[in-house]
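See below for the structure under consideration.
Letters are used for the chains, namely A, B and C, taken in the order the chains are written, and counting of residues starts over at 1 for each.
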Amino acid sequence: MAKEEQDKILDEVTQSDYKYGFVTDIENDDIGRGLSEDVIRMISAKKNEPEFMLEFRLKAYRHWLTMKMPEWAYLKIPEINYQDIIYYSAPKQKAKLESMDDVDPEIRATFDKLGIPLDEQKLLSNVAVDVVMDSSSVKTTFKQALAEKGVIFCSFSDAVQEHPDLIQKYMGTVVPIQDNFFASLNSAVFSDGSFVYIPKGVRCPMELSTYFRINAENTGQFERTLIVCEDDSYVSYLEGCTAPMRDENQLHAAIVEIIVKDNAEVKYSTVQNWYPGNKEGLGGIYNFVTKRGICEGKNAKLMWAQVETGSAVTWKYPSTILKGDGSSSEFYSVAVTNNHQQADTGSKMIHIGNNTKSTIISKGISAGKSSNSYRGLVKVTKNCEGARNFSQCDSLLLGDKCGAHTFPYLEIGNKSAKVEHEATTSKIGEDQIFYCNQRGISTEDAIGLIVNGYAKEVINKMPMEFAVEAQKLLAISLEGSVG
Amino acid sequence: MLSIKNLHVSIDGKEILKGINLEIKPGEVHAIMGPNGAGKSTLASVLAGRDLYEVTEGEIIFQGKNLLDMAPEDRAKEGIFLGFQYPIEIPGVSTVNFMKTAVNEHRKHKGLDPLTASDFLKLMRDKKALVEIDSKLTNRSVNEGFSGGEKKKNEIFQMAMLEPKLAVLDETDSGLDIDALRIVANGVNKLKTAENSTIVITHYQRLLDYIIPDVVHVLFDGRIVKTAGKELALELEEKGYDWIKEENGK
Amino acid sequence: MANIDTINKDFADLFEQGKELLSNGSSDCMNKTREKAFVQFQELGVPTRVNENYKYTNLIPAFDYPYNVNLRYMEVDVDLNDIFQCDVPELDTNMVLLTNGWYYGNNKVLTELPEGVIVCGVQEAAQKYPDIFNAHYGKYAKPEEDGIVALNTALAKDGLFIYVPKGVVIEKPIQVVNLLRSDRDLMATQRNLFVIEENAQAKIIVCDHTLTHHKYLSNSVTEVNVASSAVFDLYTLQNQHLNSVILNSTFIRQDKHSNVLTNTISLYGGTIRNNHHVLLDGEHCENNTYGMYLMDNKQHVDNFTSIDHSKPNCLSNEHFKGVMDGEATAAFAGRIYVRRDAQKTLAYQSNNNLLLSDDAQINTKPQLIIDADDVKCSHGATVGQMDEDALFYLRARGIDEKEARQMLMFAFAHEIIEKIRVEPLKDRIDALVDTRLRGEISKCNTCALACKN
């Protein structure tokens, strides 16, 4: 095949359009642009929050004012005007939802389009869903079924009203309000999110899932997820994200906190497909997320699995603090960047407890003019005996205008630690494509096959429903290409 | 079936094939022999459409169609199969998935519906038995970690799956021990019909003990310098290639 | 403790007050480069840990000390040639001495050098061979990126100059012995320039030593230009006392088809920071960057390396290994750049560490920064202990545990020593490493090459 034809195919397959870019026409209740203590008080008041919440927010806000937005060597981000963002926007609803019929038909239509059924009867798979649109939770399914097991799965706002003791006890314990610029900002202004509580000895009977959607213009989405797993419990949690196509950049700064106690296990899967901006790099979501879990109890387990295909800029490092003896954590990630997307993602594993284990498998795929960086830290503290880590960070390059960078940090302070890091960078070989061609497989299909094969290790870690979606998403955002 | 006329091919400006003429009829087996660097593998790659090579002159007509106008996958779907000298490893892609995609592309080309999963598995089973390939190989990633012999067997298995009209086997015997060679050759022979043709490219005569050619060509310095019956292969084995070189003044 | 501002200000004062002494005897080329570098130093200052590249090395204690600085050559009261006679069997070298960063005034004439080869002091080279000198001096080091390189460039007066003309092969390695010898605590600045012309070949062995037990801070910068098809080896042996600070920055530029091998072996020292920069500036270059560090006590070593593939079709291999005991700390940063059009690059990097004690610490950051697509790059880093299975295997054959450990440690280190392309030197370093790993400081602790003293 001639070079030009290949380039053409490359362009076609790497430039397929964003499927979820429609805007839903619903009435929103927002508070106007800008940020101040008054705005925070207003958010808190609108949500009818107890005093401790307002204090938490104000403390975070005052700290945030002392901070500067960080700069990164391999991310180019134009200056963000934090006074030009609407910090609270919720779909207007009359009263509290009692049944499915109460959900605004426009919202229901939105989620139907996204392929997320809100109707419990229509749910085929055994997945409970919480849906967060702009900053507010609109519907949580299967709430009743879960409650019978003692599982709490609700919007963060409901949790603040109904379980303030739990919120007060755990919120901000894993990601302190002064943790980083975006964490402080989120702590000041977050409007909703999900809360999960699994009581002692309970295996959550179904997958829990939250879908996040940014809809309104000029809004920032600041949600907060808190998962607490008591001793001997188990939960698998999924989150998915989409946003409409808009020319201006929108800010998403979320926090996820996970607490895993003795012998408990959490699986946290993400399919992130925020609008990445158009082919020229206009618009798209700035995705700055702080995700952190603590394996607090002995033999606690936390697994992160993520497929990241969206956002103009992604900045996230799901991390685990391995505090309990014998606890373990795994991180599996596929990050795809195309066109002008930039991703700086990776994981931190902090080994404190004895005989703790961690695994990091990161697969980056870069195409177009994008830049894809892995940044990670494995730290073994001085008194941590018998820590074990294995990290593998591979990069696959499609086309000659993209970049792949790998920045692992290994800080080892104990001689009994075994830490291994491996990384490779390669391209899809022309000879591989030709081999497929020779068997009658088109170049696009060949690239699809190879990319999915490359990402398989990670996708296999996701729950079935998500794995299928993730695979499709890879095919859409990047059926591949060859340079 | 295949007609090559005055084919000239260059790579990076260096002429490798300097006017090849070749006619192959349905049901025929042609052997192309020649010393290293004569251009044998280049010819195979050009037939399959590898774009590293530039065709500067001449034509290739396959079943009445101009082959040079077609993309590699279209040539494959028209019925050309290349058995690679060095089969490519594709990590992460299972042979099953790889073949399913390929077979269904071929069927689509012929206007047939894709095979159901069970029909496909049955086809795989039959073909595996035919070419005596170990079952576990098809569950692994394409050629990944295969021994040389396993890779070559996998090529013949794929050939069985795709049922080509013209199979071009590029040095399929290289690096094979005698048992593996026998299995590979048997596979090729079993797939033989009165309609399909085979080009066997080889350096040594040994493979031709198992796959009996109708015609033997000697390729030297980019040209076919001798064409005869299968006895030519024996003569080459006996005398080596030096006399060819002498005859051609090199 | 003096803060960093005070340290930086002291240097500014030194520069202003010593201006005349600094420029005196230096060529215009050096002085021009000096002025510019000083401005750069004022912007950068001595790097602190806020600087990502110095995250794991705190230089403030190293600099926070009232050193003496010699801005002119000090006569040496004994003949150093008598002290240093290398007795390594079969290692026949062309030996050159430097004291406290200055070319030693009584160096013997090197009679065995091929015609056209120049070995002399930098100050002398700048005067006598301005055409060669000016074409290369200050062209490869990057004072704009690193405060200590800027500081060196601002204060540099002398060092070693080596010129190997086109097509000339120096068979006998040139052995450079850098001596720190003073009756007072001293900060030394040394600036070297090696020019290896087209198709020439040279091997240089550099040994750093402290002769007296004063506190030393040595800040040296070496620039090397390796022209097309040239072959160049640089072996560095660092063997100082615990009270010394070695800052050693090397900048190597390689032209097409050149082949460079460097091996930096840190046996002993207080604080060692090696900055190793390689620019592959022509196609089909090969670069091999190796290093080893054996650290105990409270020693600290930080190897910071950058291999810059700016042209296609080059190959680089980088491998550093370390054994850490006591309260030693080590850091490794390996950065491989593959620039936009440097297609067909092959770049491999690896860093392996053995931790032997509870108080040792290793921080490693292998990095790949890749902007071309048709490349094969890999890096790996490991931190671990001895292979217990191997240990058991040896013991099962009747080797006692201590000896078995010793053997395995030696085998671990030997992989780096093996890369040395000078046979007698390889044997010598094997022996040195063996004694070092047995916890004995080599008897000849002032000279890694066991010279008489």
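Here, a residue touches a chain if its C-beta (ideal position, glycine included) is under 8 Å from a C-beta of that chain, and two chains touch if they have at least 3 such contacts.
All figures in this text were calculated on a predicted structure; none of them were measured in a lab.
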Work out the mean Cα position per chain and let me know which chain is farthest from chain B. C
Chain nearest the global centroid, as defined over all protein CA atoms shown: A
Chain centre separation (chain A, chain B; CA means) in Å: 49
Euclidean distance of C-alpha centroids - chain A vs chain C, Å: 45
Centroid spacing, where centroids are CA-atom means, of chain B and chain C in whole angstrom: 56
Among the residues of chain C, which are close enough to touch at least two other chains? none
Among all residues of chain B, those touching at least two other chains are none
Chain A residues touching chain B in their complex are 1-3, 5, 429, 431-432, 434-443, 445, 449-450, 452-457
Touching residues of chain B toward chain A in the complex: what are they? 48-51, 71-73, 75-77, 81-82, 84, 87-94, 97-99, 101-102, 105-106, 109, 141-142, 158, 162
Would you tell me which residues of chain C are touching chain A in their complex? 52, 340-341, 343, 353, 355-385
Can you check the complex and tell me which residues of chain A touch chain C? 73-74, 382, 395, 397-427, 483
